[in-house]
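To start, I am sharing the structure in question, which I have written as structure tokens.
Chains here go by letter, A, B, C and D, matching the order in which they are written, and residues are numbered from 1 within each.
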């Protein structure tokens, strides 16, 4: 399972930061409702509107965001993938067996699978990919802490291998559903060392293979006619897929309305109603994925003091935010789960809309005339000095900043710090920030969200962005990974929710919604099956899959 | 001849100065390493990161001193190699980006300039012919209003009226559309830039024409029994064009500036919008290339204007 | 045309103005630049119009040719060309007359030639417009014209620009342009003023010779009586927008009636005078055209002025010969004139005007 | 020659010099804007940042109404008071910029025009270099390098006006540098500094100052452009920013045009007034057209 720097505004439009992609979540509602009597037809080119382009499509090095994962899902096959019930089921892998103590997992690959370049899929390929990924300073961050330095993956034979995670984890396979599970051709990976530009031309085992790519314009994949899955899973109908990165949501909307796109994804809630109103469009919206929240750097004054963190939460007008920026779509968030989720903790509510409370806390804090390590005073005329940073320039991001400033200015002297997208992620990853809007969580397997939460993930670059370390929390996380019973697991997860809340490192704002919109010509996204015939999710946090998709003329 | 040589030499000197300034300034921009490596660039205690940083520095020759880098860049630039974009892969090459987007901006600026000139000349001639009459007064006022309207405001208004309300023109530019429809999509942007400039030209040319029409040789032309139109176009126009041409040249700069706005509002992936995006991305090879191209274009055009003088005004022939 | 027609056309005036008035609207009020002028020019005849700056001579010539701007100008009286009224023709209608029937030569050839057009084109364009010649024909003719006006290597000149020619040559070019379509009526507005003395004579020679060869009528506007003396059949002296004396050249010089004319005459450099002698300049300034003096307009500056002159405006008087008219109550030669002369001479004020010491 | 002057067309007839009604109208408007800019905070205006959410009216933006004359933007903020506050930054920047430009550019121009020689050559070359960037490009470049606050943005725009102002001042100075009274002053051994201040400046200042208004108009527009592209003062309300906010998303512009159009109106009227007044002044002192 791979984590990537991420963040940005909930409904952020043109300048939305790459979306967090830790792990899958509940399947969205079917993206299309193809009447049963219609029989799939082969042929046609699907034009996909993506919210961003990618630097490269190298699962071992590229920070794959939603757009990247969507493209990757077409050229690569994951070892495991989620079925509609949220279990990780074998895909490229044939089977996996844990040892009694869940410390060793023996995985068997499917026989006779070849990459687009003809290289056969073998244990060595998987191991090579694992090692390269683990040693990548960025993509490796989410892998390194969980495996021993040596013999993390041991080859048994050409198709069999053993995974030796550091700790027992009953849900280990979910780690192989995303970037770490997308197996790339070893030949290609070798070639990459010589010529990094090949990152633009991925080679996997997937139902589609790379055809051509113009950065920031269009990337074209064509059907892989000797795809291993054709017989066991089912035929791939589309002749080709064209991915168009269209960063501006309005433009994306126009394009699909002018029939310049067949399908798109977006988080811009302003567009949702437009889509619903258009009879020729089929829209599915899912807000069970990530949450949008204010993320606070607990390692840096003044927010190293929990009172100030709490004050910020209290000062924030969550309802106002929802009214202004969610266009009545989606739901306000109190925690990382929606009430629909079995893990939802009804006792936890996110405070807010309480300026007086905030003022009181700030008064108390500033009363102590605090200074940071450098001796800089943290308060000026009774208000806490803070910096709010965002990636811009983006009209929406600025509006949001203005809104927060309006909330906070009674108790805080807010400095605006508009960063280029790169710098914003930078400083978040390196802990050079006070408060920043962020989007995260919502992993299909809540256990997989641990990378954002554990002490071990604080370092030079921290995936634990708030840099908040709590042994109790880490203990909870271990319980979640190895529960005595499913019920106990639910309990622990709900405890974790409470723990998160009490740390005041996050101010939960909204459950962010992904909409997947297609024209009525697009069918079958949701008819995906696993080799064993389990029905598979058709979208994960805006990530789309097209193996089973077909176009009616 | 000597004159030409001097002017060209000056132009080259200018461009050198411009490039040095820009290059120097841009190096104050955020550390390009961040764009290449992402957070890794700041992760200075992790051996793996350090390895990658060193590698990237070498690849983008960021380990060299500023002057050295300048000369490396310069020698490449004059050979048409604009370097590589600061992205994790260093792809695509800047020249690729430019060659893809420059044509759009050029056609945009060209359309705008054409529009401005083609509109302003007849407009000015009619106004000058009717100088002092009501129609002239009105057109003068209109010109004044246009000049006072910032082009981003014009862009917004045009977009509102023609794209959104009337729905005549598309509001986005589709790079893959056939030429004709692309030109059509360039219409509003071209107007955005062209309208105020047209007004500027008209005001200038009108005044010059009126002064010319006072000249004796116009009277002589009349005594030849020539038609009013012939007098206006053949006798009055050409002698009135000197300052007009200078201003047209100088305004190319304004047009390029305007194209930044127009391309942003109408979402045209030209070098104007690219410049803005690249600045936001700290992608300074691209910024540098664009600024240099724009400045060069600007300088060269003004050079041509000076030379054009010698063509239209026999008196300054050397 | 029958013989008799021809004869008549010889006799009846080619151009005739009857009580022409041309007034300009200015911020200060109405300026009466030309205030009721009647003249006649017969075919082949030449008339000199003489006066100081602001006397209205230029405006008169332009009024006749209809070159004045439409707005801000009030025109009255009638202008006849070959007996037809052209005073109220539109520019469009005049275009058929300009160039072919009437042409004009201006004072300063530098400003009157288009600086950015080749000489050849400037000449040929009217040929093409008026006589419908082809470009090449026109150029051929143009070359011939340049030759006629005595410009060396005319062929080369065709491709030169005005600034490449000398002042005299430019004026010759302008004459060539005027001659191009063989007009019947030529207006020459101070044709020599901008030229240096040596060339002046040549140009005037050229003009009168062309006039003779082509049997043109010529209206020669100048401030210098000396210039017209040799080259015109008749002279009209203008002052303050009115013709104050008109007579055949010889008569005018021999038998001057108007003190103003006398004054003008005395300001002509004469060979029979010692070179060091001082020229008389008429004291005072030309009259204000917006509110001209009551009575005789010259009165304020007239050496022989009397009360009557200051209160009443003199009508045109017949002199001895019918073709000699003037406006003065006490013309040169009248008793009052001599009386005043005596006084003045006594006071020694007339020395200057006698030009002797 | 006087003869031809008589036959002139009406334009040529000298119009008695006066500034005229329009001029004063414009001055009044600019004055009003300036007044608002200075006293916005004490004037009875709604808070420009408060979100006047009103569940009764549904989701903002709210159309112009009695409570919100210019309506509200997407965040239910009062467009009227925002447009008023917008005058602040826009005019301050415009004013500071042109002042800076005149101080620096003017001085450079006068000095190089007076001393000529190498000083002149260097500064003139500097001017040309500055002028060989299209101004907006240069402005974007510089503002992207700095932490964008009121002062820095003003200074950047000031820098842009140095070259044109400087060239102008130089030209004006050259006219006077060799005039009799200057030479006379030299004769009696006046120091250069004294000559510049006593003899040159007064003569140069008048025509220059008549261009200040035009310059300010240019600066205001430039600031608007920067703000519109997101390069102006970070935390503040500017007309350009308001227009961008109202026009960024097609839907907003289509459904709530007032958000963009009222600021456009304010900006337009202000620039128009500055231009017109400046133009009148220029003709009043009859100064040559400038490349500002």
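FYI, contacts are C-beta pairs under 8 Å (C-beta built on N, C-alpha and C of every residue); 3 or more make two chains touch, one makes a residue touch a chain.
Remember, it's a predicted structure, so these values are computed and weren't measured experimentally.
**Q** Weigh B-D against A-B on C-beta contact pairs and write down the one with more.
**A** Ranking B-D and A-B by C-beta contacts puts B-D first.
**Q** Identify the chain whose mean C-alpha position lies nearest to the mean of all protein C-alpha atoms shown.
**A** Most central by this criterion: B.
**Q** Give, as an integer number of Å, the spacing between the C-alpha centres of chain D and chain C.
**A** Whole-Å distance between the two chain centres: 55.
**Q** Determine the centre-to-centre distance between chain B and chain D, using the mean Cα coordinates as centres, and give it in whole Å.
**A** 22
**Q** In whole angstrom, what separates the CA-based centres of chain A and chain B?
**A** 42
**Q** Between chain A and chain C, what is the gap in Å from one C-alpha centre to the other?
**A** Roughly 96 Å separates the two chain centres.
**Q** By residue number and range, which residues of chain A touch two or more other chains?
**A** 254, 392-393
**Q** Which residue numbers or ranges of chain D touch two or more of the other chains?
**A** Residues 4, 8-10, 244, 250 of chain D each touch two or more of the other chains.
**Q** Which chain B residues sit where two or more other chains touch them?
**A** Residues 132, 171, 216.
**Q** Would you tell me which residues of chain B are touching chain D in their complex?
**A** Residues in contact with chain D: 10, 13-15, 17-18, 21-22, 25-26, 28-29, 131-132, 144-145, 147-153, 156-157, 159-160, 163-165, 171, 204, 210, 213-214, 216, 250, 252-254, 256-258, 260-261, 264-265, 275-276, 279, 287, 291, 294-295, 298-299, 302.
**Q** Touching residues of chain C toward chain B in the complex: what are they?
**A** It comes out as residues 65, 67, 71, 91-92, 94-100, 102-104, 106-108, 111-117, 125-126, 129-130, 161, 163, 174, 177-178, 180-181.
**Q** How about chain B: which of its residues touch chain A in the complex?
**A** It is residues 30, 34-35, 37-46, 48-49, 52, 87-92, 100, 170-172, 174-176, 267, 269, 280-282 of chain B that touch chain A.
**Q** Using the touch rule from the top, collect the residues of chain D that touch chain A in their complex.
**A** 49-51, 53, 59-60, 74-76, 230-231, 234-235, 244-245, 248-251
**Q** Which positions of chain A touch chain B when the two form their complex?
**A** Listed in rising order, the residues of chain A that touch chain B are 5, 15, 55-56, 61-63, 135-138, 140, 196-197, 199-200, 215-218, 248, 251, 254-255, 258, 260, 392-393, 420-423, 425-426, 429-430, 432, 459-461.
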